[in-house]
Amino acid sequence: MNPIVIAKNLTKSYTKGLRALDNVSLTVNQGKVLVVMGPSGSGKSTLIRTFNGLETFDRGELNVLGINIEPNHDERKIQKIRRRVGMVFQQFNLFPHLSILENITLAPVHVQKRSQIEAEDYGMYLLSQMGIDSHAKKYPSQLSGGEQQRVAIARALALKPELLLFDEPTSALDPERINEVLDAMRRLAEQGMTMIVVTHEIGFAKDVSDQVLFMDSGKVIETSTPEIFFSNAQHERSRKFLNQLDKQ
Amino acid sequence: MFNITLIILFFQNTRKTLFSNFLNTIISLIFIIVINLICFKAFGWLIHNANWKVITSNLPLYAFGSFPPAEQWRPATWIFSLLSLSIITLFGPEWKWLRKNLLIAWAGTIPLGLYLLYGGIGISPIMSRHFGGLTLSILLTTCSSLFSLPLGIILALCRQSSLPLIRKLSSIYIDVMRAVPLISVLFFGQLLIPLFMPVGIEIDRVWRAIFAFTLFVSAYIAEDIRGGLQSIPSTQIEAASSLGLNKYQIIQFILIPQALRIALPALTNQSIGLFQNTSLMAILGLVELLGVGRSILANPEFIGQYIEVYIWLACVYWFVCTIMAVLARHLEQRMKINQANF
Amino acid sequence: MKSSRKIFVQFVICMIFFSVIGILVNNLTVNLIRTGLGFNFNWLIKPASFALAEYPLPYSPSDSYAWALFIGWLNSLKVIISSLLVSTLLGTIIGFARTGKNSLLSFLSAGYITIIRQTPLLLQLMFWYFVGFLGLKDDMSIHIKDIFKISNQGIELSVFTLTSEFSALLLGLSIFTSAYIAEVIRGGILSVPRGQWEAFRSLGVSERKGLISIIIPQALPAIIPGLTSQYLNLAKNSTLAIAVGYSDIYAINDTIINQTGRAIECFMILLTSFLVLNLLISNSMEIINRIIINARKYN
């Protein structure tokens, strides 16, 4: 088993002693899917954003893809990790002034210095994988939310990452658009991509994940396999959270 | 039938908007009478009293200033190419290759203009003191806009820099330039630029003016672009940096293109303002459009014909400004297609 | 970036910046020595020996340059404040006419705004001066009894007289600025949500009362910053006074440079005068802003 992310006792506090992360430890192995759940403000977004250096932390140890990240990291060092880690955001964050294909080829051409033609070919391949190759010349504002999120996934894949981070990828979508994005993520998992997914989608977590991590107020409350977590959660707070999700 | 309903609709509409109540009716009536009186007087003057010879016999002067008559085809070609490019941009067909090359054509007009005016290879060289009229106004506008845009972008970026010294220096520059009147910058540009140059190097009046305009306008452009930069959501930077782009790549590929798009309306206003402000050079020794008007009015043959000259100049300025505004709106519309809902 | 690197980069930039400044200053001193001018302000106390057409405080050519500059500054202040008042009044009327229901008025004010904004201010000033005032023949004048009289000598009111230079400048600046102020006012009124109009109409409040007590108070926060920047522009534009021969601070600086050649010192004086003017305007607008905010709080 080849560990991709190893975190030990990660701690980050905002002012007034409010802790965003409180002694968080976890390990994600290659080819595995970790789903992070928890109520809003529990620190799950902060957690996965530390994995590609969008957030710093105060104490603890973090190793991503064999590279150690120090608490107050250097921007240059983090770039090595970012080239190998893809991220998908809740609000898609596509670049509005670039066409769909340009959104995807930007990083391969300028970060990995691949040729324009090669990057475009691979970009078109990714778009066809996502089922949106017909939109390649359009601009983000001309696409629906679900389509934009699939473009964002293709953009993250364009750098051929070894780890994909998803920060609530379906929360900003219309309910009827959620499945098209989840299906794309399922296919990625089947292909053996290592993924860390922050989501509230129970169905996705049950089917796809290898491990579920439940967080509340910065602490890891429970780490279990999805079978145990969804049928027989060990912690009172997990059960309460799942009950509330069911009611919605 | 159709006409009658239209007329009835018209009357209903006027009653609603012009004569809705007593006060409104009185105001409307007074204004209708006053406008009629003014129009009557003005038309009477235009037909009977106005002497348009001061315009018609001096048309080449208004257009080219004292450019040698034998060479006036050169600025004429330039103005004509600008005009036809505007028409093609606005009304031309939607062919892809044409639209792609239009931008290059627009960028090419400035070197073309400089070549045609200054001369050089193949055509006889002409001193810049012979430049004048509308040609000079357009030359000042285009060159100063071209130079002040990159300078403004750099200043805006410096003002956002994480290095306190750079931030301080550029904000002092921007604030001072925005605090002083344009005419003083132009005047001292004419006076002081030679003083700051090493002995023996001379810059002609036209380039001193372009330099001063650039220094002044870039401070305003910097503020417009800073506004654009500030309205880009920070999530765009997060997305770009999580793709592994470094700071300079983010500035080049993400921040500047988006800031320019957002600031576009403000930037076009700046260049329209710049065109109007080139008229200030009339009192600082350059014979641009307004300067030509002044020199014609000083000619004993046309003395006292202020109204005709000023109305004519106002029409020319208004016309050019309107073309610029229409072109700008056209550009904004085209940009809007690929502008996302942030 | 690490802080040591940051300091290094700043140091390098500092060095480049100061070497450029150094080269420029070096060139300047060489040129000043060549032309026989030093850099000092001693000349300020020498007699100005030029006459001024108008002076709010006593002035004669034997007074010092410094006093002449101060008179010019007061002249600037005089024309700025009076144009500020007139343009605000005019701009408010036109702005309301532009947004109002009367389509004739709205059309006329839109035309006024485009014509004024699409032509250069300098041209307008010259038009008002040469056509509006000097264009009047000696025997021509527009007057209402003895109270009000316009002739090529300016505007005469029963109590005081305005020279034709001042009047042309006042008229030109006010008309030019009013077109911009009208747009600011319009923007402010349009920034109030439509629901607010419908709300007071449905309560049976009259149009005028609703405008005064509901719409304007909500529009003011959007209007004040726009007004401030227009007033600052007005102050800067007032330097075009030189085109009509009104002796404002810039025109006097210009005269002094022509007499003494002291361009750099004069530039500094002009810069300082404008910093003071700008501070005056923006601080007074800030005070007005605060008064409005407070008034809204206690209501």
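We just call them A, B and C in the order they show up, numbering each chain from 1.
As a convention for this text, contacts are C-beta pairs under 8 Å (C-beta built on N, C-alpha and C of every residue); 3 or more make two chains touch, one makes a residue touch a chain.
All of these numbers come straight from a predicted model, not from anything done at the bench.
Enquirer: Once you've mapped the touching chain pairs, tell me: line, ring, star, complete or other?
Expert: line
Enquirer: Quick one: point me to the chain whose Cα centre is farthest from that of chain B.
Expert: A
Enquirer: Round to the nearest whole Å and give the separation of the Cα centres of chain A and chain B.
Expert: For chain A versus chain B, the centre distance works out to 48 Å.
Enquirer: Between chain B and chain C, what is the gap in Å from one C-alpha centre to the other?
Expert: It comes to 22 Å between the two C-alpha centres.
Enquirer: Which whole number of Å gives the spacing of the CA centres of chain A and chain C?
Expert: 56
Enquirer: Can you pull out the residues of chain C that are in contact with at least two other chains?
Expert: 1, in rising order.
Enquirer: Touching two or more other chains, which residues of chain B qualify?
Expert: Touching at least two other chains: none.
Enquirer: Give me the residues of chain A that touch two or more other chains.
Expert: 75
Enquirer: Any idea which chain C residues touch chain B in the complex?
Expert: Going by the criterion above, the answer is residues 1, 6, 9-10, 13-14, 17, 24, 27-28, 30-32, 34, 101-105, 108, 115, 118-123, 126-127, 130-131, 135, 235-240, 242-243, 250, 253-254, 257, 263-264, 267, 270-271, 274-275, 278.
Enquirer: For a test of understanding, state which residues of chain B touch chain A in their complex under the given definition.
Expert: For chain B paired with chain A, touching residues are 235-236, 238-247, 249, 253-254, 257-258, 261, 337-342.
Enquirer: Which of the residues in chain A come into contact with chain B in the complex?
Expert: 52, 54, 75, 79, 82-83, 85-87, 89, 91, 93-97, 99, 106-107, 110-111, 139-141, 155-156, 159
Enquirer: Enumerate the contact residues on chain B facing chain C in the complex.
Expert: So the residues of chain B touching chain C come out as 13-14, 17-18, 20, 24, 27-28, 31-32, 35, 162-166, 169, 176, 179-184, 187-188, 191-192, 194-199, 272, 276-277, 279-280, 282-283, 290, 294, 306-307, 310, 313-314, 317-318, 321-322, 325.
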